[in-house]
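Here subunit A shows up in two complexes: once beside subunit B, once beside subunit C.
Then we have the complex of A and B:
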């Protein structure tokens, strides 16, 4: 036990000295690096230990409805992610080109700040009312089959997030996807969303869609 | 302790059921209360009590429906019986007929008519941005379907000098094939596209654009209009006429609006007055009895 603590302390000390990094993601992980279609992204945490949240995500209270608290599990077989799972998903599925991290918020919100490597697909565009929804589903890898249905067996894995635990954008997007026939086991839900991501000082990007 | 609470709760549920529905006589009430002394029996009773009211509600609802139907039957015997089977309907989008007509006129070179952005175009634009984002991430190119628009079909037909019947044929074939979405108020009770209203609206908007007057609200009497029913409702100071209209075969909400108000622009007043019957403007069925509202400022 003591030996373990000592080892851990040594590693921590070594890490601190080597990289002068005080705020790591986990003890053994200081950054998350992944690539999306040839572009490399690196996620780290803000090294300023005095940093506090600024702007939109300092707000505690948004009107409910529509901004109502969401459950940990959306049910119907959709797995829920925390921050570490999102990073590991980015390093594996997204880097391998078999998964996408989807931001279900509006394009305006997405442009201000988003998780590196994410793609903006506002939940409203996945609603049945959008006549062009099949085009989006095809872009995600669904294939038309006879009778107007779609085959999702080759479709990409999706991890969907929105503003935070108070936002139903991501749950709506997931509900719309499932209604369209997207298999629930291909969908993941990052419940914490932008608020939880920024709350622990993880890197964000501010731009239009990457690329 | 928990068991006692459960029993008390069960008792409350049963009692509520009895008060609301009163299905049992006094004697049975007593019997129930006696049996509540033993928890097992109480559970059984709860299950039964819980089932009974539901069945009662269903039965009452059913009875209510059959009563309504029975009451409605004599009136509708004049026209066709209401069709319970829903007909296949064309795809709709939330593009407004007035926007669509406006763009047809602009495309045909009408002076003073500018192209407006329809809801459908907004959707298409935002979808193309999203596809660009997904493309950048996956590296795979995606295609935004070039779907036909009703405007394009109508413009082409008008330019070709097609007759009204031919335009009706062309538009309905495209709608039946699902390749085009139409404004909701053009959908008829038979699930067709009301091209009469479509063309009528083009003429009306063209006249208004050319400085003509908006069409007048027609005077209607029940003798002239099949399905129209006028009732006089007495109020304190004045008698008010309430008008009802039974949907006929081939009617669209746009057509009904033209029939009563001279133009399609008042369809929303009719729709709002009949929200209980119509879930959306295209869900209009033969035999539905619609309230025709009075327009305040017409």
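Then we have the complex of A and C:
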């Protein structure tokens, strides 16, 4: 039986002050600052120009299936984001309290490293079989209407990511949301995920408990 | 002024596909310039190419992160689109997969099979020989007026989301009148292609 996994606790690191910026986000932007629940996050790029990927995200060849390459567009009106669009979304929709950045991976993966400002909603909790799914949808702003349906007109914007181009956690989460009636135009897909995010040296957070 | 040469690097022999335990969805097999090319996912990344492609970043300002859409009307491609493009328009002679990096970068880290090297600087407006590149891409010229009706479809890539060779190539081409619907941007580039273990090629000229 699938149980609801508590959504999301974000832990944050205090934004570190940027120093000399040889590795910028764009020519005119060296950091992205935004707030969620009163906490300020700062995303920058690692300034070590010789840094290389370490650990999990150096892996090239996870078995397919299940880890098959995802299309650039999931279709059905869901827009695909790159890194700049994710940061812009964090600075506007998330900071304004009208959007959430959703990490669709497992809590264990989320705890190790995640995008600052993201909340963990494992894709499996959005499956139709999870009898607590309506609670999650209500937490996202859906409202019950007569006849057991839900009204999503006031629901939050969502940007969903998972491990990378090879991961179907985020596509599954999005598919489940759309099947539940969530409007596609409120959903965005950050296809690059953790692998692309770390591959360009962008900041991550860790909430892993060392104990 | 130094002449920039259109270096259409022909593809060398296709490497034999290794143990194919990790299909993309299925291996893509197509021919280009008479060579049969197979795109598959390998179990390991060649150690000698890893250093180049796994570098997490390059210096900014020149190479900064690219947006998802680099020019109006230019589609952004993922790997599956690139592979479909190779086994469709490229194989049929209607399309070219263009590596917009410098030849040295292409030599150092390898490249996507069936791609041709047209460094972004060669399509900059400052290059007095740019028209010749257009002609090679199927653009027709009559009394100084270009017609792009018969021009090839192009998919352009570079090192990845943190480099600007492909976006520069694309914006220069669109500014020159190349129809945006004939150009697509493979944003992931070598960085994503290789981190997925997809087939690459080294050498050539």
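Note that in this section the second predicted complex is superposed on the first by the 188 of 211 C-alpha atoms of A that agree within 3 Å, B and C clash if a C-alpha of one lies under 4 Å from a C-alpha of the other, contacts with A are read in each partner's own complex, and residues count from 1 in each chain.
Here, a residue touches a chain if its C-beta (ideal position, glycine included) is under 8 Å from a C-beta of that chain, and two chains touch if they have at least 3 such contacts.
All values derive from a computational prediction rather than experimental measurement.
K.L.:
Given the touch rule stated above, what does A:50 touch, subunit B (first), subunit C (second), both, or neither?
P.N.:
second
K.L.:
So in the superposed three-chain picture, is A:105 touching just subunit B, just subunit C, both, or none of them (first/second/both/neither)?
P.N.:
The answer is neither, since A:105 touches no partner chain.
K.L.:
Considering only touches as defined above, state whether A:121 meets subunit B (first), subunit C (second), both or neither.
P.N.:
So A:121 only meets subunit B here.
K.L.:
Applying the touch criterion given at the start, work out whether A:186 contacts subunit B, subunit C, both or neither, answering first, second, both or neither.
P.N.:
A:186 sits against neither subunit B nor subunit C.
K.L.:
Which chain makes contact with more of the residues of subunit A, subunit B or else subunit C?
P.N.:
Counting residues of subunit A touched by each partner, the higher count goes to C.
K.L.:
Give one of first, second, both or neither to describe whether A:136 is in contact with subunit B, with subunit C, with both, or with none.
P.N.:
After superposition on chain A, A:136 lies in contact with subunit B alone.
K.L.:
Just subunit B (first), just subunit C (second), both, or neither: which does A:25 touch?
P.N.:
The answer is second: A:25 touches subunit C but not subunit B.
K.L.:
Quick check: in the complex, which residue numbers of subunit A touch subunit C?
P.N.:
On the subunit A side, the touching residues are 21-27, 45-46, 49-53, 57-58, 60-64, 68-73, 80-85, 164-166, 191-192, 195-196, 198-201.
K.L.:
Mind pulling up the subunit A residues that touch subunit B in the complex?
P.N.:
36-38, 97, 100, 107, 117, 119-122, 125, 129-136, 138-140, 156, 208-211
K.L.:
Please give the residue numbers of subunit C that touch subunit A in the complex, ascending.
P.N.:
Subunit C reaches subunit A through residues 21-25, 41-45, 51, 54-61, 64-68, 76-81, 160-162, 187-188, 191-192, 194-197.
K.L.:
Where on subunit B does subunit A make contact in their complex?
P.N.:
Interface residues on subunit B, with respect to subunit A: 91, 93-94, 120, 123-124, 126-127, 129-140, 142-145, 147, 181.
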